[in-house]
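Next, two complexes with chain A in common: one pairs it with chain B, the other with chain C.
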Partner chain A sequence: MASSGSGYDLSSSTFSPDGRIFQVEYATKAVEHAGTAIGILCSDGVVLGVQKPLLHKLLVSSFSQRIYTVASNCGVAMTGFVPDGRQVVTRGMEEAATFVENYGSSIPPSILADRIATYVHYFTLHGALRPFGASVMIAGYDEETKKPSLSMVDPNGVAYSYYGCAAGKGRQPAKTELEKLELHKTPITCDEAVKQICRIIHVLWDESKDKPFELEVSWLSEKTGWKHKGVPKEVLAQATAWAKEQLEEEDDDEEEGEEGMEE
Partner chain B sequence: MDFLSATAPPAREHTSRPIVTGTSVLGLKYDGGVMLAADTLCSYGTMAKYKNTRRLKSIDGVLMGAGGEYSDFQAIQDMLEADALENECMSGLYDSQERNAKETWNYLRAVMYNRRNKMKPLWNDLVIAGLDEKKEPFLGWVDKIGTTFQENLVATGFGSYLAIPLLREKYRADMQEGEARALLEDCMRILFYRDCRASNRIQIAKVDAAGDILISDPYELDTQWDSEAFRAPVADLDGDGGW
Partner chain C sequence: ANKMMSSMTMAAAAPPTQFDVPNVSDPALYCRSNFASACGNSDAAQTVKFAKGTTTLAFKFNGGIIVSVDSRSTMGAYIASGTVQKVIEINPFLLGTMAGGAADCSFWERNLGTQCRLYELRNGKRISVASASKLLANTMSSYRGYGLSMGTMVTGWDETGPQLYYVDDDGTRLKGKYFSVGSGSTYAYGVLDTHYRDDLTVEEAIDLGKRAIYHATHRDAASGGINNLYHVTKEGWIKVHAIDVNDMHYQFKEERESGMAN
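Our next item is the complex of A and B:
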């Protein structure tokens, strides 16, 4: 899909003759080069996961944070161009803090998503500014409706609400895997979602081609008191072990399955 | 329309006087913790207007009490809660590093002194209680001009005149919680007798050695008004000889 902008791609404030803003599309491409991020809305909360490729052997892995708590009831995961993502996350923190200052209660996640989307969109219509090369996923708990929610904001500044979403390098196969889980029909629990995210990330990872990675996973659920927290390391380790088992079984099944084709 | 013109004197921006005020807060270290006491009254000048306020508050693992302008204390609470939220957001997904009481005390010192220098003080005397960075009991004091100190016993307002001498007399480093509470209640009773802006509806709060904070519900102190000097006030005169 490498269509040349040929002069219409130099600034965010220019449309192409066929109605596209190339700068925004290029920003989206920046996200597609980065580690995969997955979000799942569960029956009892929300789970976010981001794959962090370890670029160098000497890198201290847990330093580059991708998932942040922005409010007592909301967490944001980002992927893409990391400094851009940080900027968007910081704006989310400011919006949440100002909301508490003005209204005295925690920001509803739908409003937070809207505010972040408006902010990201602003950068797509100024000639002097470039769009953010990052997608962010907002997991939150609305204290009034008593419901958890999951939204994603793309570099073009649109926010959608999801049962399950993915961004980054492996988003296409990740989306396929998420669709197989039929989250819109039968939601899974947070514990199950942590396992599924681990599994999907490991399914996408090709040992020969891709760099080793660290997986950052967070959740908010009734068990965490609806506070956004990192998934405890032991839970994550168990989920990863389970995911690797599943992969081995699938590999074995593939070998056997070649002999007898099923329906 | 003088205030609209360019030559008008600038609008007054300094704090002049407090309007809704709380009186004394007492603080005492005991063996294994810190205890605070305050009444639940906020006065509107001479009027005892708000009888069920909360002048003791716990934020982010730190216990504090305030005398002085109540709206300024509310602003300080908002400031500390926003600071706690920012701290939570910035400290990663796993370790949430709470501020200890000493850090909060220091932060408030900076805030109060800064406001004093702009002639816009937050009109409060604050008592900060909790654990310090070594998990030892901490009791500190910050006033409206940014003076700070740490002590085993502190008091604001009238308490510093009436209660401190009593606390000093009875204080021992190995006081037990029950003794500390009885001493504070005694002082609060005396303050009710003698401070015109005090009430007998008080709260007691404590931080124990583990850092757990407990603020009691308000309750009323028993008082006695049948002292001889009160019933027969003036010697050798019929009646009270008053005017």
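Our next item is the complex of A and C:
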């Protein structure tokens, strides 16, 4: 799939003859190697989930965080190069803090997404800088319109608003699963979304091929007082147990189906 | 990269980059000692006093916000003008009032209008009253100690409903249901405190705004002229009336007399 850059891919300040900036495309590819991240906009809030592959047996898993609270009403999840993602998240925190200083109220998530997108885009304009190899998802609650929202920013610096979005290694199958949920027609609740995210991540995980992983899930809803928080461990454990049950049922159904066909 | 980014994403409309400051070693001290703040009589020693003296008031009620002001400008005992526009139309849905230094008020509220417009263009939606008042308060804070004189009320109707904020030259920013600012404010508060209710009808509210200014202009020498009254609704502000307070005097006198006769 990768076409040879043949000299037009050495710098982000160079267009190729067919109108592409290869460095930005390569940056997007870097995100595709990392753990899957999923975001779902619900009827009563927003849920974010990121799969963290545990690369070594001796790794202390809780150390490297993927989801951050950038402002009390906004959370950001990232996937891709972790240090690149950290830089973008930190910028988000600065934007949110200076917004309060200048405007006296918490930053509306649409404006935060726009500011983060402008920042990420800036790094695709300079020959001396490389683009970020990370995608971020912004979950937030707008205190003026009283609505939750979900946006995602790609390495090329564009921000879109979503009912459901996915990034990282398993993003294609994750998007297919999300489309099956028809979130744009009938939104689900946050509790339901936590379960679905667990299920989708487990569906994508291949025990023989992939490394073991830890799942980081956070939410922002009426129940949390519209503050961005990590999902409590018990809730996450229940959701994971439910997800594994669902997978076993699906496997059983498949076996029965095969038997049926043989007869 | 960081500095460039700051100026790109975070700069609101910058005030003029340079002002002429007095050609002395400490401009801030010079301003403080020679251009005393308009509050109180700290400029009693000065030969040419700042144009000030005023009564302005604004109050929130269920039908929106009433903004009612006088129109007199005094320099010491000299009435410099009887036709000052003390309500500044920042944009079709935000109003600001003028008290203190007239130049400071009109300049910085006009600057606020520029910043509000840039916010709209950058973010695709109208600025909230809370944010607009914060921008003005930040400007005042950054010039603190330089002798600015401004006591204003920023008011409008945004997504969260009717809003009223008081902002002054030392960076104070207060949210409230009603405020009165200026040398005649004590008299206006007397009337407002007595008759203010959340559930006034629009006519009652307009009458209250009118009356409060009348009483202030009657007793405060530095207030008078014409009562300019505005009503802020969900669709924006409208100017309700501009009535000479002397005419009001005879109207209220008749009222009192017919009241006493009954």
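Descriptive notes on the structure:
Everything that follows uses one rule, which is that the second predicted complex is superposed on the first by the 258 of 263 C-alpha atoms of A that agree within 3 Å, B and C clash if a C-alpha of one lies under 4 Å from a C-alpha of the other, contacts with A are read in each partner's own complex, and residues count from 1 in each chain.
One rule holds in what follows: contacts are C-beta pairs under 8 Å (C-beta built on N, C-alpha and C of every residue); 3 or more make two chains touch, one makes a residue touch a chain.
Please read all numbers here as calculations on a predicted model, not as lab measurements.
By the touch criterion defined above, A:Gln172 lies against neither chain B nor chain C after alignment on the C-alpha atoms of chain A.
In the superposition on chain A, A:Ser13 contacts neither chain B nor chain C.
Looking at the shared chain after the overlay, A:Lys229 reaches chain B, while chain C stays out of its contact range. After overlaying the two complexes on the shared chain, residue contacts for A:Tyr68 are found with chain B alone; chain C is out of touch.
By the touch criterion defined above, A:Asn102 lies against chain C but remains apart from chain B after alignment on the C-alpha atoms of chain A.
Applying the stated contact rule after C-alpha superposition, one finds that A:Ser218 touches chain B and leaves chain C untouched.
In the superposition on chain A, the residues of chain A contacted by chain B and by chain C overlap at 101. Here chain B touches chain A in the complex through residues 78, 81-82, 85-86, 88-89, 92-94, going by the rule given at the top. Residues of chain A touching chain B in their complex: 65, 67-72, 93, 96-97, 100-101, 216, 218, 229-230, 233. Touching chain C in their complex are the following residues of chain A: 95, 98, 101-105, 110-111, 114-115, 118-119, 122-123, 126, 129, 144-145. Listing the residues of chain C that touch chain A in their complex gives 1, 5, 8-10, 12, 123, 127-128, 130-131, 133-135, 137-138, 158-160, 173.
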